[in-house]
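Look at the two complexes coming up: subunit A is in both, with subunit B in one and subunit C in the other.
Let's look at the complex of A and B:
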């Protein structure tokens, strides 16, 4: 079953106060920086644009907005004073990602700015999805993280309700896999027919009988969809699957990709054979990677067999 | 035009990218010109800013890709020139420091004289900032906003040392990070202070957080001083107490580090000095200064041709001094408005290319204007600006004064044929300007006369000597009226050569020097010269292909050809041709080839005559011999 191929452009606004970590996140997800490399990023002047072709028919326009006071004032004032001008960044927005620095000393001001942003957004793009990222969580002690996040999130939810926005929140840090989880969710919320992917994965799994199959986007390695066989075997409860495994995989593979690049080659596929299971990671089509985790079964799994199956399956995904 | 030709600066401002607030105008002069003046007590402040800074702030401090070059933009009726600088450095907060010194001018003004200076000032401050952080320290009283805050990761090192030592360690480590060339000295100073951070003096550690630094500075100022006083070995690490404007950590003595007392006073001084004196010399410290002197910048001279005629506009002879170029000295007497550049180089026996360069130099300094060759076969016609002659009375009087001839031309033979025969007789020496031949003999004789040479025919020689000899007879001199001059200008048209036109208007032209009349018209844009372009038909190209000379030589290589051909001939014993005939035929052949080449280039007649060093008539004869050709006049 072919996926519809009408191209669509989605505008993502990335806002937040200066130094909150927006450009760092953007560079890690979309430009393959390592977390350490983001140290050398400079302040963003005005707006920086990133374009990402996502899944064949979708283009994501990411607007990374500078967070200094003058820039924020500029954005908010332009939309108030010149609502129809081309500089009004709140027009035609699909997603707003607002970043809060957990270490910020001016939390009230942060929230106030968020409120003003929501107000303008409501005026020009009321259908926009709003995501909150509470960033730099690695600077907080682990025990306090959840609590802090909940406090902040409830407060922000209060702010957002008058505007009829349903907000989703994540606690993130560039130093662990939480970043990938947040961005995966953001991007997946934009995919119009995610259920299609799930169905197809299920049918594929019926053939393969693998433990788990995961779909990744090619450049950013964000998880698109996954299907899991372990639910069937309820007796097999000793393996409690790590809920954070997806983002961890994203993180690990991305780091691996970077190290491979240092040796001047490109990463194409990966086969890991362990004691009880094997992992196959291969290119599915131009935009996606597929990862199959299979148990070693009675009939010996031929690696090539699996890969052939993948190739056949990819045709279904055109 | 302004008095000294430079447009005055409307405003200067210094802006910087603040890490949390963004682009800010830190200093501006005159006060209140760019952003609202901060202090209301300043009575000299402008009430309203000149333009809206917010709309252009992204061009004052632009993205790094545009930085480090001269950036000019227009806002309202103003033009702003700046050299935005982006310095990348890991010790800065946000890894970079951005600033810009901008100059504001009215939009419709010529700011070329300032451009290089603005670039230079920008580059100089960039280097000073890279070397010793003078700008990032001097911009705000609290300079530490620009530098990285200490992060928790580095606490371990500081914790091991006692509290008082932390502050000194951090401040002296700021020495390390900010003064590259003083690294060694500082580590010595550190060690001599009783092992404050002995092992770590080479590690760049960030300064403590904002609130701490200022207190520590004040606290430790005394501490610094006492320690240094007792430590006589290291006179360099002094805190500059005398400089009351600012106290910064890591401030070296005046001799080893630039010290900018105040950016505000600096730009105020630049503003005043440049507007009043067109130059400024403001020392920043013993070794650096803002040194600007405005010079007018002329555009480079256009390319000139061998057939152009230069004429002096200033008395160059009066300007000659010892340092002048010898070629220049040689050609100077021949620049009289009659000789083409090729002719000048021939007469002065100077290399043509050098002559051309000299003339270009004179053009650049506006001592010379270019005319075209004066020939009776020229054609002129009025331009659309001929009305100026009527509107502008000064122009008309100037014309009168310039064209009036001291003696009338009543002795000239007026017959059409007579004139032609005269010119024909004198064209034996194959000069480009046929009619100039007669003149030139006279000109060469009267070389010492002023540059206002009149042209005469052979008959006139006697009258000219008469005119120099003003004791003898006073001839009646009638100044031509403005109306007459205007009518004469108007009567020039496409269809008449100067020769015919002269014959027609002989009476009116009695007291008028034709050459000066025409050159005045061309220079002032009242009339323009119509050039003749000979155009060949395809036959000529075919003839060229048939011709069996394979070389593309110029006239200069003629002799080589002749030798070759002669050598060839001598081999063929059975051909007893006349050697002279061969040579003339060869010369002819070469000339024809040359002519064909020039025709292809689509040059005008003047150019062809000059290049081939022949008269127009001969060129026409050659063309006739080749094939059909026609003339286009435009």
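Let's look at the complex of A and C:
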């Protein structure tokens, strides 16, 4: 019993120096803040815990660690001086998300702290997955973003290798959809039975013959899984589609959710008969939404037919 | 002379003239409303040096003309012939910066109004009390009262009692600017009463709560039914257009964009159910317009109905609405044809 409860409970550490945007991220993804609202957030004191239920049986235990030097020193010192104390935040970690401010003046200090955090993690939770986010990318000129990211990422990878960590990096900003991409991959890495979802989606698509089917988590609207018809048929037709579409959809729907909140309600479904394709967004079960994109050209589109199919399919996911 | 210039403008082109002192926010208004620019980006706009004119195709062909603020308007100018200009416009929009000292602007506005009114008595005069986002809630009303009072006094001194001046509190950081522009543009639409009548009829035969006829590009509503406009409903409807257009745009490929002009194409339609039982309904109309409505579907006594029966009921209701909206669309097309001949 104890084993199963601990395995469904995931501990995520959100670290980084003060002002790098950690709490803003958390508020946007998990608390439905708009990017504009995050200005009101103050400094985080010590550690702020939040427990988030994700996909029914999984609990994300997010530790948002304050980034002032005092707090960081405190975290690092307690873990080295009293390795068994309860205050040791590095114990039993599943994921470390380390945030770097691209505009930071003291890059060497940022990196040094990252190094010390990794050292502690190596000691207390060596199986931890490490993600780095190069945040506030919107403040950099578009032409320079990629280069800057590459330089920073190679440097950080060099630092992580001695500690046997393989790191994954993302360039993010709260003002566009890049944030959703990063968090989607972070959260997906924690879902144990992701291959089951994929298999079921694929078989569903064989029935429906849709252009694309995407699964979303309900509260955060992060992408869990997707299947694309054109991928298996031919390689070139899929290239027409926007590679950032998943994040954009997350972003659009999240904004829509907030706007519907103004009339104090929420939405359950959306059917869009567009110019070239029909889009169906519906509740799949208690914690998932499904989005189906059907092409207009090669099949007779009957909204009811699609929706009935979704109903049948949703029984598989109960 | 007047009748002559009236004739020139019989081509159904409503023109709005945007005036105001320098740095009061005229270009920002233009960019935000008609070009979908982010309000924060307007901080970096250069000051406008020449009169600019832009045309927008909507239900009516709308043109917005912007005059540079630093221009001394009573000096003879190479840029424009002020007499001809004022006789050709439908509405004069004067922008006052409410965060600044506005006494200068008030003298300026009354002089312009006097001049414009003498040339063209049919002109609509609108005053935007702008940048109210920086004022506290109580102060806004005080400012509005103060400005209205002073403008009234100034016009009285100039001997213009009969002039109708409308005032709006606006800011580009919320929807008030769209609301104000919607009202202003509605005054220029000749067919507005007929349109409103049609929408009222549509509401009468369906369970609509509120209908807007939106211009898709600018989120300005050209008509709505006669029930009062609730700003929240407006915001939700306006943002629903964005959702529809953005989602649809994601799965559009280059080759298919060419089909956009094709008349036989099915119109874009979007339906979204909300938790409280209402439905957001969008249907594309002619000339870049979209009908967006809030529908309340009343199931009557639902206690003895199964979920399937409720679902079926909703489906039937939606089909009826679809049918009625198509009828509305046809009448809109007819109306448009006959108005063009004029």
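Some notes on this structure:
One rule holds in what follows: the second predicted complex is superposed on the first by the 301 of 318 C-alpha atoms of A that agree within 3 Å, B and C clash if a C-alpha of one lies under 4 Å from a C-alpha of the other, contacts with A are read in each partner's own complex, and residues count from 1 in each chain.
Rule of thumb we're sticking to: a contact is a pair of C-beta atoms (placed from the backbone, for glycine too) under 8 Å apart; a residue touches a chain by one contact, two chains touch by 3 or more.
All values reported here derive from a predicted model rather than from experimental measurement.
Superposition model on subunit A: subunit B and subunit C are shown accommodated side by side without a clash. In the superposed model, A:108 makes contact with neither subunit B nor subunit C.
By the touch criterion defined above, A:19 lies against subunit B but remains apart from subunit C after alignment on the C-alpha atoms of chain A. Counting residues of subunit A touched by each partner, subunit B versus subunit C, the larger count belongs to C.
In the superposed pair of complexes, A:166 makes contact with neither subunit B nor subunit C.
Once chain A of one complex is fitted onto chain A of the other, the partner contacts of A:127 are absent, as it touches neither subunit B nor subunit C.
In the superposition on chain A, A:242 contacts subunit C only, with no contact to subunit B.
After the chain A superposition, the centres of subunit B and subunit C are separated by 90° when viewed from the C-alpha centre of subunit A, nearest 10. In the superposition on chain A, A:42 makes contact with subunit B only, not with subunit C. Overlay on chain A (Cα): least separation between subunit B and subunit C is 5 Å.
Note: no residue of subunit A belongs to the subunit B contact set and to the subunit C contact set alike, using the contact criterion stated above. On the subunit A side of its complex with subunit B, the touching residues are 18-19, 39-43, 45-46, 66, 68-71, 74, 139. Contact residues on subunit C toward subunit A in their complex (touch as defined above): 232-233, 235-236, 239-240, 242-244, 246-248, 250-254, 256, 259-260, 265-266, 268-276, 278, 280, 315. Across the interface of their complex, subunit C is touched by residues 211-212, 240-242, 245, 248-249, 252-253, 255-256, 259-260, 262-277, 279, 293, 304 of subunit A. Taken in their complex, subunit B has these residues touching subunit A: 17-24, 54, 57-58, 61-64, 88, 90, 94-96, 152.
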